[in-house]
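Report on the structure given below.
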Amino acid sequence: MDKLTIAPSPHVHGHDSVKRNMYGVLIALAPALAASLWFFGLSALWVILTSVLSCVVFEYLIQKFLFKTTPTISDGSAAVTGLILSFNLPSNLPLWIVIIGALFAIGVCKMTFGGLGQNIVNPAIAGRVFLLVSFPAQMTSWPIPQAADGATGATPLGLLKAGQLDALPSSNDLLMGAVGGSLGEVSAIALLIGFVIMLSMRVITWHIPVSVIATMAIFASFFYYGIGDVQYASPLFHILTGGALLGAIFMATDYVTSPMTHEGMLIYGCGIGLLTMLIRMFGSYPEGMSFAILIMNIVTPLINKYTQPKRFGAK
Amino acid sequence: MNSVLITIAILAILGCALAVILYFVSQKFKVYEDPRIAEVEALLPGANCGGCGFPGCHSLAEAMTKADDLSNIGCPGSSDAVKCQIAKILGKEVTASSPKIAVVRCNGTCAVRPKTLTYDGASSCAIAASHFSGDTGCSYGCLGFGDCVNVCKFDAIHVNKETGLVEVVEEKCVGCGACAKACPKGIIEIRNKGPKGRRLFVSCVNKDKGATAMKACKSACIGCGKCAKECSFEAITIENNVAYIDYNKCKLCRKCSAVCPTHAIHEVNFPPRPATSVAEKSDASSAKSVAESQKSE
Amino acid sequence: MLKTFKIGGIHPEENKISAASSIEVMPIPSEVKIPLAQHIGKPAQPIVAVGDVVKVGQLIAKADGFVSANVHSSVSGKVTKIEDFIDGNGYKKSAIVIAVEGDEWDDSINRTSDIVNDIKLSPSDIISKIGEMGLVGMGGATFPTHVKLSVPPGKKCEFLIINGVECEPYLTSDHRLMLEHGEEVMIGIKILMTALSVDKAIIGIENNKPDAIKHLTELSSKYAGITVQPLKLKYPQGGEKQLIDACTGRQIPSGKLPIDVGAVVQNVGTAYAVYEAIQKNKPLIERIVCVTGKPLQKPSNLLVRVGTSVKEAINYAGGIPEDCGKVIGGGPMMGRAFTHLDVPVTKGTSGILVMNKKESQRPEVANCIRCAKCVGVCPMGLEPYLISKLSGKSMWDEAQEHRIMDCIECGSCNFTCPSNRPLLDYIRLGKNKVGAILRAKAAEAKCAADAKK
């Protein structure tokens, strides 16, 4: 026996780690990944690979040469950002645009603020919104799944916005994913499997996804059933389209940019649901999930300030 | 075309109206501040270190402007020239003070004070000290996690990775005392910088008995008292097995450091000793000459 | 029905590897070092001198003031030194060193194993006798028991809650005690109930000890007013506040004491010590120490005389292993790591835990990812990430606003943090600083009030 180690208590750790959580998210994204490969084929693979690789490489370069610290790319956070970013892109997007998106996400939104845990908005969403406003044409031409000739079309929400109610796909197609849209958003069932994986691994709690979806459902029900205007589409349609599930399960639950208390998470989730529906129904964009999450990301510090956990012994 | 003109006109009117309102508001709520406060503040270091006892440089400038005389108030980090300038602005007298510097009273490097434990907690002296005595046999010495480095506003104190101790940067330290307050072991002392920056101090605070102290650290002060006996100016006292040199009495003769068996007495900025160092006569005379040279300065 | 506390909590690996080994009496060492401060409060004052011959159970240091405890000799022999020694934290503490000669007990102590059932003393006599016998809380907090039993005027005790939770991983001394000395524990609880004049006592035991629950439930039928409450496994259920919440559903408001919700909590070990003190006249001179750890050859529960060195106890349990990295006094969640092994076992040493090199290394620290897991597990409903950060930035007022003083230092936040951040290290630092500021303010206010008079 040589030197004893000394440290303040506790002397044991639960073996949870950043890696475990990040890889947990990656595993949970795997079903959606498989679905996107199934529906969009090889072109999807290239977009995903480009996005993940460039996010990881940018993070490595910035940490190594700008921060001059030991790169921490092995924690998987850059890979998660890359994967989620690619899930928000159409599969026929030119790869150079994907790289620009990754640079904006990692370079501007994550590393400028100090890296992991310091960013104020979700880097993947910010990257996607940046691309959406910079390259609107490329970002809104959606390939039709499994169409051999690379034909493009509108997303279900785009059809809704244009008032083409007859052309709306069936709930069954929406659930499985045989609709136009970005890579990861199409298959609701794959995303729900991911949700179950994350819950069972205790990567996230139920609060944010459930409150987002519930708010959207209530809001849509009010217009669809309450006012009875079919122009607004059914709650189920809203939940299954436009990345609502992808956003609620994987993007809104980003640790760094979501509130710290359960109460805060519920407020945050309701905010996202409400803003999404307002943008979808009354805004000029067909889809509002990304903007809603970005806005609520910025509100998060305020929510943190005003929601505190229930203290022990408080009435 | 018309709508453009209307827009320009509306904006211009709005701008003018707001400017007028702003002007009157600023006149109405104007706060008078003695212009000398800003002048004094400009001369202060602006580090807001708190060494003066005020929350920041602005508060000190305010207080100095209000104070009747500057004998008890002032920036410990300013040079005498700056102090004179400030006094001139304020039309007050300034008493010359001796500049101060922080000294680290521990010389237990990794080589002489081997580690006996591995510390694996948060890297903070305050946390480590509240939990245990230290990762070496000495329970008084420098922990080396750099709480002092974190509080220093002047970038004047650094951890030397090789020795595991903190070192003060002579040119940058202003003697504000922030580090001394932050050190949980109380080993940093604010002392007179000394003429030409020359100073002597006991670089150890170990209160253990000689043998115990020696066992923990080869360069610990063992309280043997040789230095006190050697000192002709009664500047050295031994208390709790540790020697202390009173910098007001010390004449920088260096006799004490020559006899210290563990080299715990440090001399700073002295010229190298002549080869025949502890030669009796020259020492006594050098003591005198040093004392004289001090006066002449 | 299983109950538990309402907020937060974690599930560390139990590792109760010594649960099956019955209590062994450790041989008397050749020398004991009995510290004068084995309790919270002022150190006791020695009343023996170097050279004195003492018997087992003889008073050797007297309590100094109300919050203090008597210290008795745990061996017979000659006092060789009364001097400072280096304690487990590396700081100096004073102790009485006794060289052991034979094993001669004080005549007043009943050493038979017969069970004495009748409680003859009045409540006030019980409390003063508990004080005389130097009893302190045996769970590890070492608060003098007689002080805890003295209910302040105007307050009423409704429940006595007995802590048999032993929620710390590894430790099994209370578990073994309940199994092997259940009868004595029950009588001890009866004595405590008499002292507090309450008619309800609840023994809280986690359901990872079904044999202890069964045994004590059977025994409790003989003792009116005592019930056993099985509890759901969750750390830190053994915390005073959490245990009261789990057993009665009452939560102690911030800054209040258990008695404010009508409860007094005592450990099962204390109940056993009370039995021995009152019925057998035996002062607190030995205790059951769980010497455990994965690298240890023979994890055991030992009956150890106070003052025996930790090293000897480990040697008895199979020797110090080759790759010993850390030795902890107490459990892995709240115990303190020893700086050296030549420290004595004291009244509060519930366990000695030996960890190998790999276990004793803290995982590498990463950035906070704001996952809020620490908020979810904090049993006090605090925001550990926030108060630890405030404390790191020396923002004491803000830390106090966020209730840093409510922290019970259970370590759940550190345990659960995926980034392995030393949250509790900084919170503890903040508690020290904020506590000092509050005390200074209180003293100032008192001075001002006195000056007005």
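A, B and C label the chains in the order they appear, each numbered from 1.
The rule we apply is simple: a contact is a pair of C-beta atoms (placed from the backbone, for glycine too) under 8 Å apart; a residue touches a chain by one contact, two chains touch by 3 or more.
Please read these numbers as outputs of a predicted model, since none were measured by experiment.
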{"item": "Among all chain pairs, the one with the most C-beta contacts", "value": "A-C"}
{"item": "Farthest chain relative to subunit B (centres taken as mean CA coordinates)", "value": "A"}
{"item": "Interchain centroid distance [CA atoms averaged], subunit A/subunit C, Å", "value": "48"}
{"item": "Intercentroid distance (Cα basis), subunit B paired with subunit A, Å", "value": "52"}
{"item": "Chain centre separation (subunit B, subunit C; CA means) in Å", "value": "44"}
{"item": "Of all residues in subunit C, the ones touching two or more other chains", "value": "336-337, 339-340, 360-362, 422, 425, 428"}
{"item": "Multi-partner residues of subunit B (each touching 2 or more other chains)", "value": "116-117, 120-122, 127, 131-132"}
{"item": "Residues of subunit A touching at least two other chains", "value": "4-8"}
{"item": "Touch list for subunit A against partner subunit C, complex", "value": "1, 4-14, 16-18, 20-21, 72, 75, 77, 114-118, 205, 255-262, 265, 308-315"}
{"item": "Residues of subunit B that touch subunit C when the two form their complex", "value": "116-117, 120-122, 124, 126-127, 130-134, 139"}
{"item": "Contact set on subunit C toward subunit B in their complex", "value": "86, 89-92, 336-337, 339-340, 360-362, 392, 422, 425-426, 428-429, 432"}
{"item": "Complex contact set, residues of subunit A against subunit B", "value": "3-8"}
{"item": "For the subunit C and subunit A complex, residues of the former touching the latter", "value": "7, 10, 12-13, 169, 241, 245, 251-254, 256, 320-328, 332-341, 353, 355, 357, 359-363, 366-373, 375-376, 378-383, 385-386, 403, 406, 409, 411, 414-420, 422, 424-425, 428"}
